[in-house]
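Paired with chain B in one complex and with chain C in the other, chain A is shared by the two complexes that follow.
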Partner chain A sequence: MKSRSSLLLAILAVAAIHLAFAQGERMTLPKVVEAGSAFSIQSVGSGKAELYIIGPGQVLKRDVQLGEMTSFATGSLYNAGHYLAVLAGGSFTETGSFDVLAASKPANLSFLAKPSRLPVGLHDGITGAVYIFDGYHNLIATPTPVSFELSTSSGAMQKHAAVSSNGAAWTAMDSTSEQGADHFVARIGDVSSTRIVAQVPGDPCELTISARQVGEKVQLTTAPVRDCHGNAIPDGTVVTFTESYSGAQSTIDAPLKHGIAEVTMPVRAGATFSVASGVVMGNQIGWNK
Partner chain B sequence: MRALKFLILSVGCAATLNSYAAQVAVHVEPVNLQGPRPLEDQSKAAVVRDYIRAWQSFDAALGQNRPELLDADFVGTARDKLSDTIQQQAKLGIRSQYQDRSHDLQILFYSPDGMSIELTDKVEYDVQVIDHDKVITTQRETARYLVVLTPAEVRWKVRVFQSVPE
Partner chain C sequence: MSKGLLLAAVLAGATVALVVVGTVWPVPSAKAYAGGATLVRSASTPEGAVVNLGDEIRAQAWDKAYASFANKGEFTEEEFIHSLTGTFPSLLTYSTISDFETRPIHASDNEAEIDLKFHWATVVGPSARTYHLHVVKNADQWEPEWPIVKEPTVPPQVIPVNYLRWDVIYRGPGDDWGAQDVEAPHVRIVDMHPVERADGVIVLGELLNEDVVPAYVSVAATLISKNQTPIATEDCFDKISHILLPKQVTPFLIKFPGVTLSQVGSIRMMPQSTLVSASADPVIEIGDEQWHSAPGALLTGQLINQSGQVVNVAHVLGTFYDKSGQVVWVADQYVDSALLPQNPVPFEIRIPQDLAKNVSTQRTVLATYSSGGSL
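Moving on to the complex of A and B:
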């Protein structure tokens, strides 16, 4: 009777061990590991085996003594992703999986800003997108607050707050009314990335000319040409002067020089002088002398 | 209905890609973009086609330990990391093969400047680990990938290729 009980217990014990191994209990895996952190894998049993950590981001292989803890030092496994852990002994192979997560602290921002040059005063004219990475260049997928700042040389600043989704955040900002090199910054805590955005004057605004007779000709001169925000239009911008007379027209293109354009045109009785630059029309002057 | 839900990828010119793609079920979720830039259907199709093709390169490169096979479809961080993995495998005498079985894709983000697209992919794949020509294990796995692609000369290339817990 006693021997039958012992046999039954032995069969149950073997069955229990087999069941445990079938359920994957030859090794205990962490469910998640933070990138670059130390971790360990516990195995059971006795004898030697090989432990593989396999993923697209990294591959590790260790000879292990079953029943002992296999430790992986800080910095051993640093690429985020899904990993297989394979424990291969002489007569068994057991497989499990775990995830390596990006470290929680951002270390690098990939900041795409566009355009690098644009006119002043454009609504949503400047866009920026940022991807957030940890120190191992893993994309940080957890929502993270991002600050976008656009500052002019005079210190005026626009600031937008965003929260990343799946590692990405974006913003759109108005170009300011002030020409110059603006600093466009994406910032998370003490990590930032800066792009320079050149803001140039917009189209001329309120183009006006004056006229005076010089000998047999009339000299036409613009007032200093500025955009609608008061920024000087760059030298070289073409201004077109037109003289209309007796159903005919004569035009001269002149570039801005030191902020103004100047031409001389023949005097014709009853002529009308006008000025334009781009799509902007200026005043007209009738000449009856 | 299920058959309708799954789109068997039939884009691509190369016969090899077509025969490969015929084995892979690809489902693309409706676009629900964050960001101001609309995504044209043509761009969407190109991104999906190029991403699925990248899996073929990924499988071949890690299965043969040939990093140069990554060049056509991967760039930047993704290429560097996969290339490093291949070097580690080669040093250890290991190869790994990643045969994708199905993809469930959703495009998440199209950057305002049009220079990057982010998508998520719930992918089912078989991974086989081979150590010195001995098959150690073959497992079917499911993972959610975050992928960032950027435009190159004639196609979109994978710049970030990273799985995240579901």
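Moving on to the complex of A and C:
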């Protein structure tokens, strides 16, 4: 085992020295091989020799009959990169090199979409970056047209086209005015990758309350709370009710349930009721009963 | 014999002698705290009777404390214990009395008024409670009357709750490389400014959860000197409401002891948020909030639990604003009793007296902890 390693190292050293001038005398190499495709190497002369193919993450060895064609089956070389071929006979060593390039047909897309959740109506709020790989996970560096599509649950769609550069393409899109789970798709031909982007309502808009007396208390109820695009604000959003009276005040933070928030507060003559959610203020009601 | 051996022998002998003396003739207070006996003082004076009571309560000698009351016919021993520590788990359940003090208010031949103030050592810092005791003379002994406040009982009822809760499923190992994880909540600092106090620089502000999901939040700040080197980094610890529901705002306060504002060139703020499971309940009314600028510079009010769930620990945070709406101060108080449904519990938040004149408005928020379950 150790002697084989030593032999290989020696061959590589010799190959490095002879690479520049020894190429092409006893074997004919392809200049470029597509990853995963079959290829062959023609040798000249007679007798037996050993052929080594050395590249990134892969080493192949074949016993060859000089003067014959050595064939490599589909899938023999699949990592893109620069490969060294070494033909070692009893009295000679010849080297050459060739490139294995990523397959031209994309097979996988790695799609990064950010963010996964954002408010509606944001300009360039959604970004998507796609990396294009062949079937052997080699990055396809040749410019490739990519289509980005963002579709809402109601079917509305934004489309952007881009051309990849060094294996990557990206885009930015606006969030729409409609809340829901949007499908963000990157597509090249029949290969696609989908991400879900949740578009959520923005800040409440025109927050209003109404008041009615229930026994010795006042029941305060918001109108259905919506954002400025008409989307219902989700349940759980906190609405703050404040009752101000005679230099004092009472407050309740109540979550929206079924689209509205409702609280009861004590009746005090001359009190003022107000409502707010986050940094958005609503209306005020004076209570003089 | 060398000097070292002689010294060791002397120290060993002295230790043994002191152990023997301490065992045979223990100091009364040590004996009492060890559970051997009460720290008996003469109850021939009103103050002596109240001090005895304080010692017994501190030693949790409930039988003896209860037996010493002049009005024990009005309540049971269990009610007395509950009036001190509460029926339901609260901040005081896991606390001990570190000290107490008495303050005579008035005394005559047969009766006296004395304040008994207990200092509790709780997990969130010291907490004090004062009891106003009426002490009466019975024969030649003085006996305190316990100001019993029976814990209210909640009538049997059904309180409907539309239980609203967020649960989170995070990205798993089986998801592909490009798949997103759930987005952290979007939070925003809506107000921030530093003030200089005698003990250093304090950064005050407010943080808004502008997202539609609950967030666990914290705020850290780094003071940068005028030559762009960091002076110190601190965070707000518990001077913030850490769980923020959607569109909820919390104040925060960050202390930088020993720093002066003249040293500071800029401040780097670092709000942090994490998506967490949370519940929108319970709903607590903060009622009768009143600002008393003088004397005392304090905000008083009461908490009313509008849900059916017992709230074991409540943390009240007050934000105080000047006329222009800028935050002047942030102060807090942990309420030491459990919040039972519909039962008001008072709170009191103090701010530095010198800031009182600047306060124009205030806003109060509440963070709660419930160990689960209803009554």
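The rule is simple: the second predicted complex is superposed on the first by the 263 of 289 C-alpha atoms of A that agree within 3 Å, B and C clash if a C-alpha of one lies under 4 Å from a C-alpha of the other, contacts with A are read in each partner's own complex, and residues count from 1 in each chain.
Methods note: contacts are C-beta pairs under 8 Å (C-beta built on N, C-alpha and C of every residue); 3 or more make two chains touch, one makes a residue touch a chain.
A quick note: this is a predicted structure, and the numbers were derived from the prediction, not measured.
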Which of chain B and chain C A:Ala172 touches, first, second, both or neither: first
Contacts of A:Asn79 with chain B and chain C, given as first, second, both or neither: first
Chain B versus chain C as contact partner of A:Ala141, first or second or both or neither: first
Partner chain in contact with A:Pro234 - chain B first, chain C second, else both or neither: second
Touched partner set for A:Arg195, first chain B, second chain C, both or neither: second
Touched partner set for A:Ile41, first chain B, second chain C, both or neither: neither
First (chain B), second (chain C), both or neither touched by A:Lys114: both
Partner chain in contact with A:Lys257 - chain B first, chain C second, else both or neither: second
Footprint overlap on chain A, where chain B in one structure and chain C in the other make contact: 112-114
Contact footprint of chain C on chain A as seen in their complex: 110-118, 193, 195, 200-201, 203-204, 233-239, 247-255, 257-258, 263, 265-266, 277-280
Residue numbers on chain A that touch chain B, as the complex places them: 32, 50, 52, 54-61, 79-82, 84, 86, 88, 93, 95, 97, 99, 101-102, 112-114, 124, 127-129, 131, 133, 137-139, 141, 165-168, 170, 172
Residue numbers on chain B that touch chain A, as the complex places them: 34-36, 58, 62, 77, 81-82, 84-85, 88-89, 92, 94, 96, 98, 108-109, 111-113, 115-116, 118, 120, 127, 129, 131, 136-137, 139, 141, 143, 146, 148, 160-165
Chain C residues within the chain A interface of the complex: 162, 164, 166, 176-183, 190, 208-214, 245-249, 280-281, 283-291, 301, 306, 363-366
